[in-house]
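After the structure tokens below, expect a handful of questions from me.
Residue numbering begins at 1 within each chain, and the chains themselves are lettered A, B, C, D, E and F in the order written.
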Amino acid sequence: MIVSDIPVCPENIVGETAKIKVEGYRFVTLTCVELDETRVDVLYHFDRDYQMKHLRMTVLKDTPIPSISPVYFAAFLVENEIQDLFGIRFQGLAIDYDRTLYLAEDVKAAPFCKYVVLKTSATLNTPGENPS
Amino acid sequence: MTKTIIPFGPQHPVLPEPVHLQLTLQDEVITEAIPAFGYVHRGLEKLAEIRDFQQMIYVVERICGICSMIHAMCYCQGLEEMMGIDVPPRARFLRVIWSELHRIHSHLLWMGLFADSFGFESLFMQCWKIREKILDIDEATTGNRVVISVNVIGGVRKDLNAEQIHWILSELKDVEKETLRLETTIMTDYTVKKRTVGKGVLTRQQAYELGLVGPVLRASGIAQDSRMLGYAAFNEIDFAPVVETDGDCYARCKVRFREIFQSIDLIRQAIAKMPDGELAVKVKGRPEGEVVSRVEQPRGEVFYYIKANGKKNLERVRVRTPTFANVPALLAMLPGMWLSDVPVIVLSIDPCISCTER
Amino acid sequence: MTGHVLMMIVAGLVAGPLLGGLIAGFDRILTARFQSRIGPPLLQPFYDVIKLFGKEKQVVNVWQAFCANAYLTAASISLVLFFLRSDLLLILFIQAVGAVFLVVGAFSSTSPYSQAGAHRELLQILCYEPLLIFIAVGIYLHTGSFKIEAVYALKQPLLLKLPFLFLVLNFVLTIKLRKSPFDLSTSHHAHQELVKGLLTDYSGPILALTEIAHWYETVLVLGFCSLFWTTNPLGAILLVGITYFVEIWIDNVSARMNWRWMLGYGWAMGITLSLVNLVWLYVR
Amino acid sequence: MQTITFMLILLPFLGALSCYAIRSAPVRSFIVLSTGCILITCSLLLISYVPFTFSPETVFGLDVHGLIQIPDFILMFAILYYGIKHRSILVIIPAALQIILVIWFEVFMIADHPTTQAFYCDNLSLIMVLIISIVGSIICFQAIPYMKNHEEHLHPATSRQPRFFFVMLFFLGVMNGLVLSNDMTVIHFFFEATTLCSFLLIGHDGTEIAVRNSVRALWMNSIGCLAFIVSLIMIYRNIGSIDMQQVIRTPAGAGLSFLSLSLLCFACFVKSAQFPMQSWLVGAMVAPTPVSALLHSSTMVKVGVYLALRLAPAMQGSFLSPCIAIFGAFTFLAGAALALGQSNGKKVLAYSTISNLGLIFACAGLNTPESMTAAVLLIIFHAVIKAMLFLCVGTIEQHIESRDIEDMRGLYAKMPLTALITVMGVVMMIMPPFGLLLGKWMAMEAAAGNIFVIILAAVGSALTAMYWARWAGTLMSDPFAGIFHLEKQPALTWGALLSLCTGAGILSIAVPWIYRGLFTAAMNLNYAPPYSLKNGILENAYGVFAVLPLCLIAVLGFLQSIWAVRGATQARICPPYLSGIHTAEPRVFLGPMNKLIKAEAGNYYLSNIFGERKLTVWINLAAGMLLTLIVGGAL
Amino acid sequence: MFEKILTKARMLSPWVLHFDCGSCNGCDIEVLACLTPVYDLERFGIINTGNPMHADIFLVTGTVNHRNKQVLRNLYDQIPEPKVVVALGACGLTGGVFREAYNVVGGVDKVIPVDVYVPGCPAKPEAIIDGVVLGLEKFRQKASAMHS
Amino acid sequence: MFTMTPTIMRNLLNPPATRRYPTVVRPPFENARGEIVNDIQICTFCGVCAVKCPSQCITVDKKSATWTCNPFACVYCGVCAESCLSGSLHQKNDYRKPVREKTMIVLQGEIIKKEVKSHEPADVPQE
């Protein structure tokens, strides 16, 4: 159960992460959860000697978030993934896939946002055709 | 200078899975490697919205066909923690046995693929021949060779009887003997060492900072093994993480090879200590809250984040698989290596792309 | 005289595919048995080739057709010349023509796999071609002639005089038969980093031609092997058999190396061994 | 006969002068064409007179030897002038020394001039004359459209073509004079003249790099000339004659000092750009391509090997002979290794030229009938094929504005016929039954007795195959795009390329006849015909090469393969394998970030092993040591 | 006569191209397991070529998604005729448990024509062998259709 | 080098490990999870299987008493058989055979008059 999480905001996230790195934490991953129409939670998970530390940041969907990939290079992958799936932008990514990490041209929508219309079943059944 | 740009994958015989590496080479020496994903992305985390939390066990199990049982175990443990369920001791020991069987079969499978990546076909065949015994155990005890579907929330679905346990132990003895025969080849063979020693070196520092997990991290000298968390019954069994210090493909190979024997030992311990009792407890109510669950897969630590709000369907399931954490290592290892080392290095992190992309 | 020549030409043309195919089939069975498998039927290579002839003709570049034909022609002629007991160097040069055409055919496709395979094949040629010439020179130094006829006129097996060069020949054989650790440019099992290397874009009937040409070459290099024991046909068969068995064995107990290792190791070992043997012959 | 000889030597001079004087493009073209045609006719007429030797009557009381003295001094002062103009101390010193030595030699040593036969022509000379006149003329023909295009591209203030063709034609005369002369001072004069021609043509474009490289060529060759004159003086002091025929009849050691011979060899090495003096030839590639074709592949550099072959009988049995063989074989290997590391097409050709000349030197050094035959065949075929390849590269360069092999990828789609001819050239360079490989085969078999030579030659020949095959493959590397359209080229370019290509092919088939002709009465002195010839099969005690049967099979195989290609044009055209992500666009795949990426396949130049920078130092060092051994050993 | 030999050879030498089209690895490792000593597909002359240009039988595992559907089609197009497609596992047949996921197009037959369906999750090696054998029958029909 | 030799030599001398599958069929394991069969005579059309199925491949129509299963979407997890109230559903221990055409399994049972206690409605996805 996540009991302790440290609230952060886009302004200090990079600084906090850098501090955590100095403390000797290993980067685990990021999690993004949609809260409502406009906001998402971004959780940063770190680990040291099997003890986890979580940072929680609640942000608006249309505000770009500073990337922590300059601090933890490995974060670029998951940040790209969140860009793809939630439509949030990260700034300063080490490698920016520009929302093409997982999704092909024909599904550009951010599928994890519930307010995006999923494909209809009609398009599913046309073999070999682009559903877009 | 001239350069060659090779699209390595998505369809490529040395990578059984569809992943793409755009390699820029100069006379076969890699100058740049850019990976591309999305060929296996199904979006199954999203399925939590239309499958209930019980059905999701079978969905997460199919994130990966090689460590399926451990995915389900991690998921179930997370929900058990969230719902405050105490898993019966026998079930916890059975989970150890099956998860370690999975580790053995995964490592043997990897060993074969690794051998194939440097063109050692007979070693590949040999490893897979041994592996069939483990698959037989799986099928005989659970009903399926690969996706064994034994976990339910609150315990396990299948039991082992005395006769089966006896048979498992004797089969494991065979596996141990056969695998031990390959030791000289994997550990000392000139050609094998020539292809693996010094390839894709990651220092202790690098490995830690890249957030790597599992055998890749342990091969760089860091004794990090999520089993030390003591989930399932691991807190009642003796073991210490296998560590090597060279940080190259050879060290990773050694770690995995030694882990096969470690797993056999763990299974024996678990069988010896396994108490009698129930297999599962009944689940009441619906999950609510936020939980993080971690277990050690053959490829390393798998991380589940589950959020529920008291409904039948979960709010969010987030899976960070070990390969996902290990992919950045590839970008650090590949430049400067040779084209012929690409399969060796890529396979040295034991990539599971279907895990990575889900 | 002419009758004999004609007979030998026909024998060479027929023996190549027939023997080569059988050897390949035997190879596959033995490899399978080494790996605890049953393996395909003995005639499997023939089935494969016949099937390939029945496939749709599909090319990436029409030059592949040209090159495959040229490869087959050169390979068959070199075997015929071997049967005619002709000049060793000439046979080597003609055999190299085939190898080069195969490479040019692979180059004609723009797939980087095929191109990288072609380059590796060139490096393989670079590695084994000088060694083959050394073997021919060794034979010349011993018999005083480059003609194969002279070898058959010997009273004593060549192996006794050229033991090191025989080792060098085995080295070449491993490269030529595309066996581990030298199956760099293409291999019989495609699980390598180059897919199928220089054969990547050859397909259907054109691939079949290259396969048959490869059989000719196999028979030719094994023929070279047999030159080391000419006094007794049984001895020759035994020697070739043992050599081939050793090749398959090596294939099954070693990993694939890279070309840098091949060039370094091949030349260092090949040239040293050849030099020792040549100097020995020279001094004597 | 005398008339023909004079025509061959003097007609080009006349043509050259009129080219320079009459500044009209059509007239110049006409002059070049007619001069070339007459030269070709004369050289063909010469065949029936071989062998012959004669000395023309005196003019104003001077014989040829005396006549040559005045231009000789003009020439040397011209070189000195250029040395001073470019402030190159390396040119000034040898030029000045040479002037002093020549004055000393001419005035004080041979005051009473010995009688020598001024002209001598045997089969070797004849072959050289044929090459110079026929191949040289063809190159000059091709130069007409080439230079027109070249100047359109460069826009010089005034056309430099008159000067260009002046030197080109002049050079043909000089070369003919060189190979037909027998008097060594006359040879020296022509030797020197080729240096000046080469200098003028390398610097033709007037760019900074061109000037720098031309000066380098000048000083290197001046040193060669200096060695020549020193050796000439020594020879004269030794045997009191400057008659070439007399010189080579004198066995080395008996009368003739080793040092004089080794210095002469050194001069040959410089002229043929052997290591470590190769850099002038590589630098000379900045010149317009016809220059490279004419001077630096098919004719001028052949002077070195020609003289070495001439001198070979004199060296028989001496230690010099095997030394030259090893030196040549080493150059063969080193040149091939350096060519392997090059992606610049002309540099590949340059290094391959150096390498092949090395092989010819090795043949001269081996000094057996077989190796001499090999050397002659190599000279013939190398001249024809290399000239053709140079012209191809020139044509390609004007078309795609690059001489880099990488840029020629898939050239077949753009310039099908030129690409095919280039591939043909490559094939003829490395494959039996074509003449060049026949020569190589003879050379190898002749070299088998010498372990060092054979090891160097075997490795070198494998390297050779590698870089040629790579080039040929690159040219064809393109997805098949249906029916191709012939590119547009001036008729003279087509004529030149096609005639050289078919010529090389026909000559390959004609090898048995050439061989027979070679060993009629005229082939040099001590050599007996090494091979028996039956049914077009060359055979000796230890080797056999079925020339005609193989040619027949090659032709049949070629036709059959062409037929297969015709069949393949109806086949399904499939995109090349790109791991399944190819797009409709050829060679383009859908890469990371949904980007369209072009799959490239660069050739391996192995610059870590065979790079010019890495290898040259070591090769030069080794070659320098070998050379010191040759010259020093003679002391 | 030649026709007869050809047909026989075809039946005895099916070369396989295996493409993982977004599978969970379960079916893939079973395909590979078929090649290994215990099942040894090479008994039937089957080689895993890994190269569409050389293949006769196209074994596809896994769901088709939006990024790899073009890859699947490309590979199918590169296989020379006659060819047979064998779809493996629940995912390859219909999309299996992932049918409703947002990035899943569905079974293989949504993109290319499938000749044999091998159910299972994952398909057992025996089932894969059965599937290939069934595919060979189809192969014979296609081949004779090609000739006539 | 050559360290693999003992292993491959042992392989050569021992009989191969291959199961000659089509000629020799190994009996399936006792509780292997194979093909799903529904004994339609016993089936009560309660719909539990349809609800529980993780793959959502079973549909039960109580009114017309049809039990439909898409065997090609079934993932052989065995949940339906385990949760079957009437015991009509069970799994064979042999796998389903490959086929040329995809067909649905549609089983028509007798319409049961008596109301069975209703369960939650099947959670059918948007499709």
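Quick notes
Throughout what follows, contacts are C-beta pairs under 8 Å (C-beta built on N, C-alpha and C of every residue); 3 or more make two chains touch, one makes a residue touch a chain.
All figures in this text were calculated on a predicted structure; none of them were measured in a lab.
Connectivity without subunit B: the remaining chains stay one piece (groups of touching chains, all others kept in their positions). The chains that touch subunit B as well as subunit C are D, E, F.
At the far end from subunit C, in terms of centres built from Cα atoms, lies A.
The chain pair B-E and the chain pair A-B differ in C-beta contact count, and the higher one is B-E.
Comparing per-chain C-alpha centres with the mean over every protein C-alpha atom, the closest match is chain C.
Chain centres here are Cα means. That of subunit D falls 80 Å from that of subunit F.
Centre to centre, using the average C-alpha position, subunit D and subunit E are separated by 59 Å. Note: centroid distance subunit C to subunit F, computed from Cα atoms, is 52 Å. Averaged C-alpha coordinates put the centre of subunit A at 67 Å from the centre of subunit D. Annotation for subunit D: residues 572, 574-575, 577-581, 592-593, 599-601, 603-604 touch two or more other chains. Multi-chain contact residues of subunit F (touching two or more other chains): 1, 3-4, 8, 11, 16-18, 20, 54-56, 75-77, 125-127.
Contacts with at least two other chains are made by residues 4-8, 10-13, 28, 34, 38, 41, 43, 46, 50, 58-59, 62, 120, 122-123, 125-126, 129, 132, 147, 189, 191 of subunit B. Those residues of subunit B lying in contact with subunit F across their complex are 50-52, 54-59, 62, 120, 122-123, 126, 129, 132, 139-140, 142-144, 147, 149, 157, 181-182, 184-185, 188-191, 312.
Subunit D makes touch with subunit B in their complex at residues 343, 406, 578-581, 589, 591-593, 597-608. Here subunit C touches subunit E in the complex through residues 28, 32, 35-41, 44, 46-48, 50-51, 53-58, 189-191, 195-196, 199-204, 207, going by the rule given at the top. Against subunit E, in their complex, subunit A makes its touches with residues 102-104, 106-107, 111, 118-119, 124-128, 131. Chain contact summary for the complex, subunit E toward subunit D: residues 19, 51-53, 70-72, 74-75, 77-78, 80.
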